[in-house]
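Take a look at the structure below.
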Amino acid sequence: MIRTEELLLNVGPQHPSTHGVFRIIVKLDGEVITEATPVIGYLHRGTEKLAENLTYTQVIPYTDRMDYVSAMTNNYVLCHAVETLMDLEIPERAEFLRLIVMELQRIASHLVWWGTYLLDIGAMSPFLYAFREREMIINMFNELCGARLTYFYMRVGGVKWDAPEGWIDKVRDFIPYMRDKLDEYEQLVSGNEIFLARVKGVGKYDAQTAIDYGLSGANLRSTGVKFDLRKNQPYSIYDRFEFDVPVQTEGDCYARYLVRFEEIKQSLRILEQAVEQFPEDGKIMAKVPRVIRPPEGEVYTRIESPRGEIGCHIVSKKKPQPYRLKFRRPSFVNLQILPKLLVGETMTNLVTILGGIDIVLGEVDG
Amino acid sequence: MKGIVKGMGVTLKNLTKKKITYQYPDVPLQMPDRFRGVQHFDPEKCIVCNQCMNICPTECIDLVGKKNPDPEKKGKVIDTYDINFEICILCDLCTEVCPTEAIVMTNNFELATYSRDDLFKNMEWLNDNNTNVRKENSINLQPKSIPSKAKKEVK
Amino acid sequence: MSDQKHVTEMDPKEAKKEIEENEVVEIVEPSPNQAKLDRLVDLVKSNIAEDAVEEAYINELDRDLPSIVIRSPYWLKTAMMLKESETLKLNYLRNVSGIDYETYFEVVYYLLSMSTDNQQDICIKIKADREDPSIPSVTSVWNTANWNEREIYDLLGIQFPGHPNLKRIMMPEDWEGHPLRKDYEPIDPEV
Amino acid sequence: MALLQNILWAAFLLVVVLGFVTYAIYFERKVIGWIQLRKGPNRVGPLGLFQTVADVLKLLIKEDTIPNKADRFLFILAPVITFVPAFVVLATIPYTADWQFADLNVGLLYYFALSSISTIGILLGGWASNNKYSLLGGMRSAAQMISYEVPLVMSVVGVILLSGSLSLNTIVEGQAGGFWNWNFLPQIVGFIIFIIAAVSELNRTPFDLPEAESELVAGYHVEYSGFRFAFFMLAEYVYVYAIAALTTILFLGGWHSPLPFLDFIPGIIWFILKFSSIVFFLFWIRATLPRIRVDHLMSLGWKVLLPLALVNIFVTTIIIEIFK
């Protein structure tokens, strides 16, 4: 067999498919990867250090910027952690608003993933179709809280804004529209032979490995582990709604694709019920002291973000500022498995596998 | 082949559909009322309570008060008020804590300039930025407790 | 910012009062997780060593989370035991946090079992000296710990002997100091 | 005098081709834009018609950069090697019965022989840039071109057998008298193989691996800018022109009308219509399909297309022998 010289290729930090400033140093033998070393930290902003000098309310806008594709869930995990520490009762209407925006956010985030993933694989149009639908969600958020990406919508004890006139109806109308579009997506992509050949059997791992690497979200559920925090350790009011946890057993990129695709449908189901049960009236803020000083102690809360388990660990010393605030960032944990998956794959599969993990660099680097 | 043909059908169908491009600079963007844009500042209303400066997570607000020139009245009036839009994240906290609505959000968002120095906006600029002011500013989260001193001045 | 005199509109005394009003008088009753905690402590004590457990308590603030503090020399062995143990099967490491308590460091591990139906969180803490902090690495037990430990090493300066590749992960290689330490002085305070 | 005339005709062809390239790029962007619910270029000139002109102008006045560690000579030579054959192959294309630059009796052979030279240019460009991405792109390109050249040539053997000539003019003449006489019906297998292999030869989606934006950034022309880059682009679109023309000639009856009573419409109109629909088809698949993987590409070429093409030749020969 003819051997070629080993080629050291620097993929990133500026590369179309690294989804941000992420760098992988790969050793190539021909086009086959023999070793991959991820390098991260280009987007490290020291959120956790900054938080030590900010009050809890002031930290919330910083969480928007961690996983900037899914700011609502980030908002929630911090508020939820503080509320757990303070043992706060959240008004019903606020809980519903939170749940609705989080599920809309999940759809929006998965749409971004779907579009960019197909862009990685080489198809252009799905990206623009997905962004058309995402734009509708973002416009709804813009109407609700006045921002399109960094929402800063939730506060400790509730939400900042009540739903404006007719907003809930917009959400209601969005559900059948989105279902219709999902069918179109399926026709466009899910049966495409080239696409299937690209993703089937690529980046395979089993449940044991997934658990060992602490994967969460669709990355874990694609291996057959039925673990969704919304079901297994319910938070907010998720236990009131009926929905399924999509699971695939293959553990390859295609399984992850199917799980995320099905998750959009399940989110629509939750939304449908939430919109129906939405309380007519009520407060949107609990009675919260002006200066939030949670009791001394520590808490770790975790919720299901679109990317997996996002956790928030607070050590409080009964000060307005957290003594230590640590985020368990799902992208960061999920990315660890990458070097293991890449060995023996080609350059083309590098893009497929990295896209399949679904990372957001703002979250990886904290 | 079936999947590919189906996909081709979808793209062909979209060829004739309505385009969603928004001709932004030609057609101005209408933001919803709650949109958090560049702040408008009204020096008349400001009571120099410093709350906006203290709450700002990025410390982009700088303000200095001075003694009220009218010897009859107590308290302070605003002297300089600057927002550094290089670091302002338009998070809405300053307008949320302001007890007198001296600082409010507007729907204006165009801040692009050729120089970083131009992003440093002073009191006059912020006062002149008085179009598209947000209507819903009065919805404040926190129970508003205007200090007794301030209350008099507002009246 | 702080050198100016602020007209705070909130009386500090008033604020304190408000907070106190909000506090609920705690009714002491045994936590439902107390039995679990006792079993866990027994397991560690009987399998590892009598003095392996430094402290064990229920964290009421965090939904009665069973928490134990393990002495650092026993940690690797305990970790293996917890993962292999038939009853616990704590095979999922969900989070690792490092905390600087000024007099000592603490690393907190949140564990979960994915194999059993009884998905109970368990919190395990290891303390380390402020001078020359070191905690055995558990990367060989849970792969999740790999980057998490690197991050803690990078930001807090805790050594993890046994780690396959203990290098800085967030900060550049030549960065001085460990930013998350409480006594960290930024090189350039303006930045 | 004859030489001068020839040069003038060649210059005219060049202008036509450049005009085609300009508006092919414009329409490609428009069509893909429409498919993606966008408007496409619309800022330069009415309806954005001068967009490509502006782009080309920009490329021409751009600074000419050559990387320090690049092989200067080859780096400069590569775009030329790529472009010249692309233009030269156009000489044998017959647009109507009497409008053709050179009626070679081995026209088809001439076309395939010259068009494969372009690969050398791409490979050279990839290698001379001294960039790892462009090297990978160049290598992919070489492998892909070699693998698909074979089925491409094989797929047209059936057509040659049917018409008994290598002259493009004769091939078209054989398809006169309605669309049921066109070669794509008896040669449906060859036609499909030809289309697939041709798209691959063009390096267009779904076979755009040498460029593969999401993997290799821009493949073989990563380091090229300014008018050297423009040459690569030009070559790519001239090949689109050439392949679309060739498909029309070989399989779609050239300038012949699909139904005899439509003969009153001039042949050139039919040619342009058929030609345009093939160009549109290329844009359409570019907007729809994802990129194929290298190993799939290879196995498709060698394990599917080549045997199919061989079977096609075999079957065609037998049928011709039986019905002779």
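Some observations on this one:
So that you can tell them apart, the chains are marked A, B, C and D in the order they are listed, and the count of residues begins at 1 in each.
The working rule: contacts are C-beta pairs under 8 Å (C-beta built on N, C-alpha and C of every residue); 3 or more make two chains touch, one makes a residue touch a chain.
Just so it is clear, the structure is predicted and the values come from calculations on it, not from any experiment.
Nearest to the global CA centroid, when each chain is reduced to the mean of its CA atoms, is chain A. Two chain pairs, A-C and B-D, are compared here, and A-C has more C-beta pairs in contact (counted per touch definition above).
Averaging Cα coordinates per chain places chain A and chain C 24 Å apart. Centre-to-centre, using mean CA coordinates, chain B is 55 Å away from chain D. The centroid of the Cα atoms in chain A and the matching centroid in chain D are 43 Å apart.
Chain A and chain B have CA centres that are 28 Å apart. Of all residues in chain B, those that touch two or more other chains are 4, 7, 10-11, 14, 20, 145. Listed for chain A are residues 125, 129, 132, 188-189, 192, 194-195, 290, each touching two or more other chains.
Those residues of chain D in touch with two or more other chains are numbered 35-38, 287-289.
Looking at the complex, you find that chain B touches chain D at residues 4, 7-8, 10-12, 14-21.
Interface of chain A with chain B (complex): residues 54, 57-59, 61-62, 125, 129, 132, 135, 142-147, 150, 152, 155, 160-161, 164, 184, 187-196, 285, 290.
Partner chain A is touched in their complex by these residues of chain C: 10, 15, 18-19, 22-24, 59-63, 65, 91-95, 97-100, 108, 110, 114, 119, 121, 123, 142-144, 146-148, 151, 155, 168-172, 179-180, 184. For chain D in complex with chain A, the residues that touch the partner chain are 32, 35-38, 132-133, 136, 140, 205-206, 208-209, 212-217, 286-296. Residue ranges of chain B in contact with chain A, taken from their complex: 1-4, 6-7, 9-11, 14, 20, 31-32, 34-36, 55, 57, 89-93, 96, 105, 134, 139, 141-143, 145.
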